[in-house]
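These are the structures in question, set out in turn.
One chain, chain A, links the two complexes that follow: it is found with chain B in the first and with chain C in the second.
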Partner chain A sequence: MSTGQITAPGAPSPSGEAAARPGPRTGAHSARGRRSLSSRRALSFYVFAGPWVLGFLALTAFPLGYALWLSLTNADGLSDNSRFVGLDNYREVFTDPETMSSLARTGIFTAITVPLTLAAGLLLAILVNQPIRARGVFRTLLYLPAVVPPVGAALTFKLIFDRDSGAANGALDALNLDGISWLMDPYARWVLVTLTLWGAGNAMIVSLAGLQDVPKELYEAARIDGANTWQSFSRITLPLLSPVLFFQVITGIIAAVQSFLPLLISLDPTPRGVTAVPEGNYLFMIHVFAQYFANGRYGYASAMLWVLFLIIVAITFLVFKLSKGAVFYAVDPEPDKQSRPRTLGGK
Partner chain B sequence: MSKTPSLDRRRFLAVSAGAALGASALSACAGSVGNTASGSGSGKTTLTVMTVQNEWDKNALKAAEEALGMNINVIIWDPTKLNAMLAAKNPPDVVRGFGATETPYFAARGLMTDLDPYFAKSSALKVSDLDPVNDVWRYDGKKQGAGPRYGMAKDYSQDSMFWYRTDLFEAAKLDVPSATEPISYDEWLDLGKKLVKRRLGKVKVYGLNATGMGVFPQLMGMTASAGGSLFAEDLATVDFSSPEALKALQWYLDYAKADIGPSVTNPNPDGWDGPTYQANRMAMSCNGYWFGGLIGGDPKLAAASRFAPAPQFGGNRVSSCFGATGFWIPRDAKNKDASWKFFEWYFGGKPAQDRAASGWGIPSLTSLRSKMPQTNAFQKQAFQVQEQELPHFSVLSFTPYAQQAALEGVLTKVLPGAVKSGTPAGKVADTLNSRMNEQLAQGKELVG
Partner chain C sequence: MVFRRRSAVYMLLVGALVLFLGPFAWLLDTALKAPDELRALPVHWWPHHPNLSNFRDALTHIDYFGYARNSLTIATVYAVLVTLASAWAGYGFARLHAPGKKLVFNVLLSTMMLPQILTLIPTYLLFAKLHLTNTYVPWVLWGLCGAPYLIFLFRQFFSNMPKELEEAAIIDGCGQIRIFWRIFLPQSWPVIATSLILSFSWTWGDYIAPALLLDDAHTTLAVKLAYGYVNAHGSPLGNLVAAGAVMYVVPVLALFLIVQRGFVAGVATSGLK
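So, the complex of A and B:
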């Protein structure tokens, strides 16, 4: 009985890799073979994609769906009396002054930290891309803070900036200057921004990889044409680096709006888990955490997270739209067309 | 001829979804607790205990397992994790908790196991031997202190009492507080102001920490001491505007504004007083008898430290307990009999005797009271002061409609701005009432 396998002309055996090679086929035999080949390819696809799909369904789709259901209830996770409240939680998200102010604060935090981190990462990348002695050491030192777990970094900053026993005020003390309550308003937000910038090593590494992909011939040609350093940077480096920077803008925004650092930096280590985040650092995710775990409002907090999810999608879409013409792709992502420089949006 | 079933995308996704649910179910099984251990091959029961990190070291854990004849799986205590496990109906077998502030919340939601039948059958733990403090673990659906027992305290303290350093009092040329007569809160604040040491805008030595166990319980205790109550009788609302509560609130605002110790405007980075007090950087620390366990471990510190009665606002002498830390068994725990065996060993066996002799709190069995340390001068003084304070012990009912963290959260959001701007206490009280009562109302709707 036929197994349905097709042997391509010239193949050494009906089995093995060569059997899967495309080749001329005829009649019903050939059609059956195409179906079999197609099934095998499909099977390979599903086998390789399966683990990811399973992970997505179990760890992303199900939690998202469950959170969506919770957001329509007044559940606290522990009581049996929760009920369906429709869109009440969503209405509250947009009418609760505390939620809206935490959202606004998050927007400001994002608007400050994303450009600063991007600029710092690019500057550092340019510096450590110079042909200097021991640049590997400099690269390592500058990247190290990005490797430190956020909790460790936050606790370190907390100790450094403690008013009464921290190193920052110790330095001021040595200069006979008054100490500052760094971890309280209005300084707390700047400690937070500093902590965020401290981890700019990640941006540096990504930008450095982009810089090293810029062909040196372009700089040489520009120099011959009489371009100065700024012109080389603005006409060659920036355009060729724009996809890398664009990637960092998108991921940076997503990370910033979900930032949890204020909680870590303000974490009260007593077993009661009470948190005391200064007003200036009370970002959206901190408010979500407080609603979930301090106030037991699983429904409301889930609605807040869904709103945040939609905001992130909207911002990403907006950034893509706004970046039209600003991002330069050296390689055409469509392989069937001739490779040519193009900008996002099909220009 | 065999027909190969087609594997279209829709079918694949359906199968994947089924597999995903299966996988999550399997994962839930793997994470379930209290079952007979299969991994160890010993056939012993595995008891999952959620407790603090330093509860047992490796040797102590091994000794505990041998004594109980079961494996112990320790989960580090974390309120977020506990809430998540309770919500998933997959809780630990035994959970560490604060009886004074947590019992009404969990009991009202039916999440705790009624231990009365176990006490009735037990020869190791007799109700007649229980110290009255264990009543904080009782809740009858309306008030704390009555009804079924849902847990037991491992030890306790009267948490408004305070420790002080005689060396810092001597350096400031101040008389030390009486060991028998409580000082007033105003006198206490004055002492703190006189003992604080500053340099260039920084506090080098705190005069006083007034809130070792959290701001909210402290305000509850102070209000009670002034003759009032922060919670209404039905525990469904707070009232910071009553004259007694306002007095307590004003005191705390003055304390925070004076900047003489850790507060909502300048939290202690260590999170508790131990390291600061040990480092000669705190003159008075509001912590109960349990803090003596730390002090007793350092002879120099012990020689310089003394214990004092809880300060008072009015003639109604109240000395409350804000913790009564102990253990409870969740309703959905898998191994309740094994959990009770743990209770009998932990609360009535050798660990209880060792704890009683250590000075880290007053034992929760009256039969163990005689084991409290009284060897050196420091221990004798602390024991005498504690003995005189016991008659003033009281249970202050906590609300079933919110967790302490939620109420503390409101305080830490409202008070810093109020201290900074000098907002009148009455206005602060109105804000606190409004925000806390809104939360309590939401909780009440769920509890019913």
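So, the complex of A and C:
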């Protein structure tokens, strides 16, 4: 599976074209033969891509258009006479203090969890990359929490941080300290951060894959040149790992701004009910759910989600721009450029 | 020096293991406690009379097997369909060429950035109008379209297969569908396995879509588990929650442990190369 090419997936201009070279050419030498062959080939591309394209149009593009329309109306799902309100919902997104503070809280949550997860994952990856016994077992066990479904993870943390029967307060009690209402302000946000960090095994596995691609000879050469551990880490490991870390920053941000874990931690034991989410955990997504489920404000919820999407796009773009000098590609991220067949408009 | 460093590595790793496995231990511990032990002060670290009755009660307090069957149905149907459909589309993106392909591919990649919920709200309204809520048809439809991430995975794998594979087949007069079905698909079992496991566990773990689209009778274990274990007064039954959660999480963990070797490699390399 390895091609030795490290590229950042999701990049605006992915290596897509380059890696997927056009299929083999058979013995059709005449221009006409080639044309009929290539049009057959084009047709078969659409036979294969067709189901996804249709699905995209019906289940993504159409709902997106619908969401855009909804965001311009005051639809509430109850009355049929929703009407066009123009940009009112968007104006409200930027003027509603509750929306803005939930957005700011989401920003802080992201700014805390993404670097922490990245650092924890990298540290664990370095540890399980050492020549030690049973490192396969360590890798597997540390990755295990990342496999737990979100509901299972949230329920587990609810039990640990329960006011009366939880292990956290049990430990405090053993130290003769008073118990804490962990699932309420101001502590709830740290429970959320801890829960998020519990899945750092994912970051570990991704970083580990990157570490294993670093050529061992580089470290040997550095050692001969008298480099210490920190120097070889900062001069060899980090630069060669930067595309992998960059990938994690992007996907981490996208996941974090969409986090709805507080919903699962604060879920009330009544159908589809949410107990009051502590203010510290009232993230943007929770506000969207509250507006959508509790208040039935489909229009406003859709406007909020569109704003979130534009923010995601803007952040991704910004991270790409900012990381230009910091991300080091060992191999040209767009390989095989020269080897493209000339018939496809080559110079 | 080397010896000291190695023991420091072990100490850090064991510390990390305690932190990462501790929550599992507490979950199991709570599941084995008698109901009144949950209220005991100070907290009982170990159940004084460990028994399995919580597991039995967790199965009967809600229609556990019924909800598990719903989850299993949705997850299996979706996993099988989405894997086949993603392999199908992935083959096209890897091996075939047509005008507009780059555009289609860029659209595919950018849909990975869409917050799922942004399309889910209108999709819910759409399915409600078509009377498809409280059915599993949405998962069939989603499955048939393939998932961008899995398509990308298959595309990467198929791109790296040697040209000679299809050249010989073309000379023998095979069409693209046969080449895909007979030559490429059978070669791609590591990706098929990864895709099946990933998509199965996404659906098994998903909360939002079933909560939105399914009523109480059709919903999944993930949804029911989150609010189903309450007594007559509406207060949560912690040890039944724990027992239910253990039985919900263990199949996923077991599946992962069985396949972890290939899976970890698949996850690690999928998005990166």
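Definition applied: the second predicted complex is superposed on the first by the 303 of 347 C-alpha atoms of A that agree within 3 Å, B and C clash if a C-alpha of one lies under 4 Å from a C-alpha of the other, contacts with A are read in each partner's own complex, and residues count from 1 in each chain.
By definition in this document, a residue touches a chain if its C-beta (ideal position, glycine included) is under 8 Å from a C-beta of that chain, and two chains touch if they have at least 3 such contacts.
As the structure is a prediction and not an experimental result, all values here were calculated from the model.
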{"item": "Chain C versus chain B on the shared chain A, clash or fit after superposition", "value": "clash"}
{"item": "Touching partner for A:Ile180 - first (chain B), second (chain C), both, neither", "value": "first"}
{"item": "Partner chain(s) touched by A:Tyr46 [first = chain B, second = chain C, both, neither]", "value": "both"}
{"item": "Chain B versus chain C as contact partner of A:Phe84, first or second or both or neither", "value": "neither"}
{"item": "Partner chain(s) touched by A:Phe94 [first = chain B, second = chain C, both, neither]", "value": "neither"}
{"item": "Which superposed partner A:Leu159 touches (first chain B, second chain C, both, neither)", "value": "both"}
{"item": "Chain B versus chain C as contact partner of A:Pro278, first or second or both or neither", "value": "first"}
{"item": "Partner chain(s) touched by A:Phe317 [first = chain B, second = chain C, both, neither]", "value": "neither"}
{"item": "First, second, both or neither for A:Val206, with chain B first and chain C second", "value": "second"}
{"item": "Superposition-derived comparison: chain B or chain C, residues of chain A touched", "value": "C"}
{"item": "Partner chain(s) touched by A:Arg297 [first = chain B, second = chain C, both, neither]", "value": "first"}
{"item": "Residues of chain A at both interfaces, chain B in one complex, chain C in the other", "value": "1, 42-43, 46, 53-54, 58, 62, 77, 158-159, 162, 164-166, 169, 173, 268-273, 298"}
{"item": "Complex contacts: residues of chain B adjacent to chain A", "value": "1, 4, 6-7, 12-13, 16-17, 19-21, 23-24, 52, 77-80, 83-84, 86-87, 98, 106, 109-111, 199-204, 214, 264-267, 269-272, 281, 402-406, 408-409, 412-413, 416-417, 420, 439, 442-443, 445-448"}
{"item": "Chain C partner contacts - residues on chain A that touch it in the complex", "value": "1-7, 9-10, 12, 14, 16-17, 19-20, 22-24, 26, 38, 41-49, 51-56, 58-60, 62-64, 66-67, 70, 77, 123-124, 127-128, 130, 132, 138-145, 147-160, 162, 164-167, 169-170, 173-174, 198, 201-202, 205-206, 208-210, 243-244, 247, 251, 254, 258, 260, 264, 267-273, 285, 288, 292, 298, 301-302, 305-306, 308-309, 312-313, 316"}
{"item": "Residues on chain A engaged by chain B in the complex (per definition of touch)", "value": "1, 36, 39, 42-43, 46, 50, 53-54, 57-58, 62, 74, 76-82, 158-159, 162-166, 169, 172-173, 176-181, 183-185, 266, 268-279, 282, 290, 293-298"}
{"item": "Chain C residues within the chain A interface of the complex", "value": "6, 9-10, 12-13, 16-17, 20-24, 26-27, 30, 38-43, 45, 85, 88-89, 91-99, 101-102, 104-109, 111-123, 125-126, 141-142, 144-146, 151-152, 155-157, 159-160, 163, 166-167, 170-171, 175-177, 180, 190, 201, 204-205, 207-208, 211, 216, 222-223, 225-230, 234-236, 238, 241-242, 245, 248-249, 252-253, 256-257, 260, 264-265, 267-269, 271-273"}
